[in-house]
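What follows is chain A paired twice: with chain B in the first complex and chain C in the second.
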Partner chain A sequence: MLTANQIMEINRIIQIGRLLLDEHDRYSYSFDASFGTYLPDAVVQTKHVEELAKLVKFANQEGIPIYPRGQSTSLSGGPLPVQGGIVIDLSVMNDILDIDEEDLVAVVSPGVLTSAIHKAAEEKGLMYPPDPSSSHVSTIGGNMAENSGGPRGLKYGVTKDYVIGLEVITPEGEIIQTGGRTVKNVTGYDLTKLIVGSEGTLGIITKAILRLIPKPPATATLMAIFSNLVDAGRAISNILSSGILPSKMELMDQASIIAVENYQPMGLPRDAEAIILLELDGHPLALQDEIIQAEQLCYVVGASQVKIPKNDMEKEEIWRARKLVSPAIVRIKPTKISEDATVPRSKIPEMCERLQEIKRRYQVHLVLFGHAGDGNLHPNIICDKSDPEEMERVEKAVAEIFTAAVELGGTLSGEHGIGNMKAPFMEMELGAVGLDMMKRIKKAWDPNNIMNPGKIFPEPGQKLELK
Partner chain B sequence: MLTANQIMEINRIIQIGRLLLDEHDRYSYSFDASFGTYLPDAVVQTKHVEELAKLVKFANQEGIPIYPRGQSTSLSGGPLPVQGGIVIDLSVMNDILDIDEEDLVAVVSPGVLTSAIHKAAEEKGLMYPPDPSSSHVSTIGGNMAENSGGPRGLKYGVTKDYVIGLEVITPEGEIIQTGGRTVKNVTGYDLTKLIVGSEGTLGIITKAILRLIPKPPATATLMAIFSNLVDAGRAISNILSSGILPSKMELMDQASIIAVENYQPMGLPRDAEAIILLELDGHPLALQDEIIQAEQLCYVVGASQVKIPKNDMEKEEIWRARKLVSPAIVRIKPTKISEDATVPRSKIPEMCERLQEIKRRYQVHLVLFGHAGDGNLHPNIICDKSDPEEMERVEKAVAEIFTAAVELGGTLSGEHGIGNMKAPFMEMELGAVGLDMMKRIKKAWDPNNIMNPGKIFPEPGQKLELK
Partner chain C sequence: MNETMEQLRQEFQYDKTNQCVQCGYCLPVCPTYRSMGKETHSPRGRINLVKMVGEGRITDLSVLEEPLNLCLGCRACETACPTGVEYGSILESARAALVKRKSFSFPVRLVRKTMFKKVFPSKNVMNFTGHAFWLYEKTGVQKLMRKSKLLHKLPHHLGEFEAIMPKAASPKQRAHSYSYVKAKGERKYTVAFFTGCIMDAMFYKINDLSIRLLAEVGCDVYVVGKQTCCGALHAHSGEIDDARELAKRNIIAFEEIEADYIVNNAGGCGAMLYEYAHLLKDEPEWKERASVFSAKSKDISQILISCGGVSDLKRKENERVTYQRSCHMTNVQKVTAEPVQLLKGIPGIQFVEMQEANMCCGSAGIYNMVNYDESMKILDEKMKHMKETKATVIITTNPGCLLQMKVGIERENLSSSVKALHLIEYLADAAGIK
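Moving on to the complex of A and B:
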């Protein structure tokens, strides 16, 4: 709880922006797209970096928790104010979106929507590759905090690979610049890549410089249907080892196919065990050749059907199937737990088996889809959080999904982040010393633990809770 | 100086590897490809990670400096044992070089030569993109310590972009694993990308997992000759904004051209102000089209001649011109100071002007070449370190090159690292707070300052010394 004196001082600091104290206002900032509701003591909206820095300086002196927040699409609890304190609504800091065609960079404010960056870059013949599925509703600031991925990660990498410079307010309220406008920079430690993906625990990003690339002149799409999930896995391997690097390579399992067909019938075969959706991008002459190669590689391993759309409308229709998975599955039951456990590519078939086993053992409604090309699967469990008996089974199933991923040499999280949700599993993946090396950085930068406290690092005895 | 007891204990720890104490042996470890000679107290060669970890633990207790070293091709003093102590010769740790075609990764020991990784990957139809010019003589461990770049950085990025997992001995002698075999991993702070490029100040890399990509099926080369340096700059901009992303885009200035012609006449025009060398890679059909486009773009801005080699032999002949620059210029005078100040792409013409001004003002023999496509120029000053009057002018010229790069929004170092050489200039680029945030990480990880002390962070009053 903030004291009356603290509130008076915050009011004095926030001259240009707004301070929200009403319970109604604060309630809107108490949740994200994951679990739990935590009411902050105050919310600050400001576009003014210096005034925000002053606020952080004050919060650091007083030990008040600071929770930076974008559009709160986080699936792992990134922006949840789990210890009260002040939420910083960075969605209002959205003034700057400059595309520099000569330097091939974009300079952006953290509150800009990622899709707006896509659009601005494309208008100049350029591309900002990272494409989290939430890009139409999520901010670049949130994408940077969580190091978001997306389908194009396979060919182009993730958010971190495109952030080359930052303006950051440190946990002690100082404003620093990291990196710059050059792709090559080895001047000291790479603070840019340390801060991107640190989930707001090391500072507040107030501006970023993003690397852009020339937009590939053409794309080609392919949909391949398999009666057998293992054959689909082999098709993925064979295409990648043939020298073709697709821009996207998505997988839908039978449960996803049936969910989509029940929601909006698109003529997908309900008896198929898997569908692969593939996009290539590049020079049109190269694509003409490669898409035929990819088609043949699918048939060789036993695809029952391969579709190559002939025009943009047909392409969109095919990608719509993948996009409908999420809305389709929440029709089954109201609660969707979207995981992003990621395994080495060669372990995808084994991970699929482990997931089916978990589904059977705990009798949960598990749907599997995701970015198969880079091993970043999205096992989704569909459930009802008002049913405590079911949720207990779900909690156990989720814990086993994490264990399976780590045992197969993978990771707890490929692109959604740790937040408060996966914190209890950190030591399983990193070991005690590995986790301690991370904590030392946190402590050195944020000695009073005010920046997004309660995230990434597990509290003693903390357990997974889905409610 | 090590005490007799310390030497006895080190001898006890190093059972499998070798401890070198002879002055003759130690002398071979006292220099690198930069400046200065510093005799270490001892040299350890071991392939055994656990015994090396024990040694580090002991060194940490006793406060003995540890200097990891690969093949010592560093141009910034990375492996120099500037405070004595123990040099760890990691070139002997070279057993592992496994290419996994399914996961598209290579697992390597730090002592493996980078060119051996290129070769092993290519044999399986894959590619490890980073290609520092020293790759035939430098180790992957050194490349990781310095985050090496190379010509292909323009399209493919630098070493850091391909390191996804590490085994590291911490400064306190613990063995940790960071990252893993998946490209997507957001489980906690990105220690992998923090350690890569930290110049051996945060630990010793004893194993690495590198991401590979399918090898592009074809390449195409172009050489364009310009009577005017500014036109060459415009050609670079126009090609990049046309949507073509070359794999390499190299620049040679008139001084480089003349040096090569004096060394091994290749028929390059001595009156040309600049030559651009360009390589495209990808699908052969795409290249046929793009190389013609690139040729036209060069002619449009005033190239006097454009050559497109027809076969591999002709291609090699063209790239030989670029490779001869370094050996050619050291024939002029014995000492070569190779800088790697990097500027945003749009500032290349201005940087070229600033460099010509510096050349005139200090009457130094400055030769300019490098990776123009990503702003990573290599101004080289050719001098004679036995001439103190000349070296004084050279020191001033180098300091001004750094200043110019930072003033133009660039960086001190694009790919060679800071080492001891550029440490005095860190605060100019990073500011006091930025530098302090780096120091905090160093202190949190290495409280006794034993890992490569004297590097990156300037000592009070430290100045550039070239002798």
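Moving on to the complex of A and C:
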């Protein structure tokens, strides 16, 4: 709890922004799109970087936890104020969005929506490739903190591949600049890359320089239907080793197909075990060849049907099927545990099999869809959090999904982040020493552990809790 | 768990809040989240507050009042929601649960009771109000009031709203109200016209034009005498029992006529009529009748289109037209294409969409009077986009929106170059119906 004196001091510091202390406001900043409700003591909104730096300095002196937050679309608990303290709502810091066509960069404030960057870049014939499915809601600051990905990761990489410079408030309240406006920059440690993906545990990003690329002139889409999930896995590997690099490669398993058909029937075959959706981008003439090549590759491994849309409307219809998966599956049961364990591409078929086995063993409603091309499958478990017996099985299934991914040479999280939920599994992937090296970095940056405490690093004895 | 907790959960529809996965997709489309800039005034935030009540974490229910009262109820969040959360239903029951527990001060209680129980539902009183508007205009009281600057002293900024009052119909005109108008030419449908309380009192002329347009395109039009207010204002203010009562009265009234459709011209009322089925779903003896009523209830634009549109429209030169959608028509009735199709059918006009055309204008029933400052912030944003279109005509499909657009035009000092009209006024004019 904040003392009366501390509140008075915070009030004195926050002159331009506002301090929210009412119960209804505090509860409104107590959640994200993952699990749990944690009531902060205060919420601060300010556009003013120096003012915010002063606040951080004060919090550091007093040992008050600071929780940076974008628009709280996080699926891993990144912005949850698990130890109370102050939530910093950075969605209000959204004034700067400059596209520099000559340097091929965008300079942005952290509260700018990712989709606004897409739009601004496209208006100048450029592209900012990372496109998490929440990009019309999520802020670029949140994307950077969690190092978000999205379907285009396969060809274009993820957020960190496009962040080349930052302005950051350190946990001790200093303002620093990292990187700059050049793609090449090897001056000292790459603090930019360290901050991106650090989930707000090493500082608050207050400005960023993003790399842009020319926007490909055309796209082509393909939908392939498989009666066998393993065949679909082989089709993915075959296409990827044929020299074609799709901009998107998405998978839907039978459970997702059926869920979509039950929700909004669009004529997908319920007996199919998998559907692959492919998008290629590039020069229109090149695409004409590549899309036919991809079609043949799908047929070779036993696709029962391949559809290539002829116009934009048909194209949209095909992608609608994929978009409907998320809303469709929550119609089954209200709670959705969205995982993002990721494996090397070659292990996709094996991971699919392991997941089916986990689904059987724990009798959970597991739905598989996601970015197949980069091994970032999204096993989603659909359950009801008010049923403790079921949630216990779900907890075990989730733990096994992590184990399977790590055993196959993959990772706990491809794009959602660790937050508080996955923290207990960190050592399994990193080893005791690997995890300790990370802790030492945290300790050096944030000696008083005020910046997003309770995240990434497990507390002693911490377990996955979904009940 | 004790019984009161269970009761609270039921009353607040806690179960429905669990449909929300807190993805935040509603944030960018929520006018109040954008204008007030905090999660407390977002759909996700409000749903979470209700959820906190259901989980026993919030025990002081007054904590919910401001966030729920400041919701416009535009329901754009429902259209944006990927998981189908019934926000409108949660909001309605939460407001009702709050109202039930709240002890209003005597004057507030009196005003609420008078307005909800006596004024809106009563044809006579609303008629009287219509007459009073006319008298106010004709007797010179209006001129006097305007001159005296007394209007600025009225509470709830009523003065500003006074300035944009539509021209009132005289008692003589009102007395000449229809009960039946025969279709011109071959009859395509038999329709019953829903007059609405505010529409009837303040926009009598638009109702009159609507009926004649319907006849023009081939509808036999009946105006049922015993119909009453749709109950939307009641339901939105937490007076859910009153809303149910009015719904039943309307169902009975309209069952007297075997109409193919029940036609209205007010997006907000239309949405309420469309939702009678939902409103009465727990009353076995009404459920079926309400469903029949709701299925028949249509916006006038839908009927005009299904009759093949309005033909022989005269050319309108040099008019740039934009359309401010009624939120309840878009998000509840899901009627979006027809009004635009009708507008585009008028020869000579240039139709321009404004940016964020689906954003609420801030009118929202009586929101603009009760929450004036917040409403004006939302309106000013709307007018910014409106000005970008350089439109000379703003078309609306709901009385509240129409008045709000008129307020907007006054605020921007555009009254010499821009006018706000109901779609029906504009169409009727093009069709030569005066």
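Some points to look at:
In this text, the second predicted complex is superposed on the first by the 466 of 467 C-alpha atoms of A that agree within 3 Å, B and C clash if a C-alpha of one lies under 4 Å from a C-alpha of the other, contacts with A are read in each partner's own complex, and residues count from 1 in each chain.
Following the convention adopted for this analysis, a contact is a pair of C-beta atoms (placed from the backbone, for glycine too) under 8 Å apart; a residue touches a chain by one contact, two chains touch by 3 or more.
Every value quoted in this text rests on a predicted model; they were computed, and no experiment measured them.
Counting the residues of chain A that each partner touches, chain B and chain C differ, and the larger count belongs to B. When the two complexes are overlaid on their common chain A, residue A:Glu429 makes contact with chain B while staying clear of chain C.
Touch criterion met: A:Pro217 reaches chain B, while chain C stays clear of it. Of the two partner chains, chain B is the only one touched by A:Lys160; chain C is not.
Judged by the touch definition given at the top, the superposed model places A:Met252 against neither chain B nor chain C.
Of the two partner chains placed around the shared chain by superposition, chain C is the only one that A:Pro327 touches, whereas chain B remains out of contact.
Within the superposed three-chain model, A:Met93 lies out of touch with both chain B and chain C [touch as defined at top]. Interface residues of chain B, counted against chain A in their complex, comprise 100-105, 125, 146-147, 149, 153-154, 157-158, 160-161, 170, 174-178, 180-191, 193-194, 196-198, 202, 213-217, 237, 240-245, 282-283, 285-286, 288-290, 340, 342-346, 371, 374-376, 409-418, 422, 426, 429-431, 433-435, 437-438, 440-445, 456. Residues 20, 22-25, 27-33, 37, 39, 43, 45, 71-73, 89, 92, 113, 134, 136-138, 326-327, 330-331, 334-336, 385-386 of chain A touch chain C in their complex.
Remark: chain C residues 18-19, 21-25, 27-28, 37-40, 42, 45, 48-49, 52, 55, 57-58, 60, 63-64, 66-67, 82-84 touch chain A in the complex.
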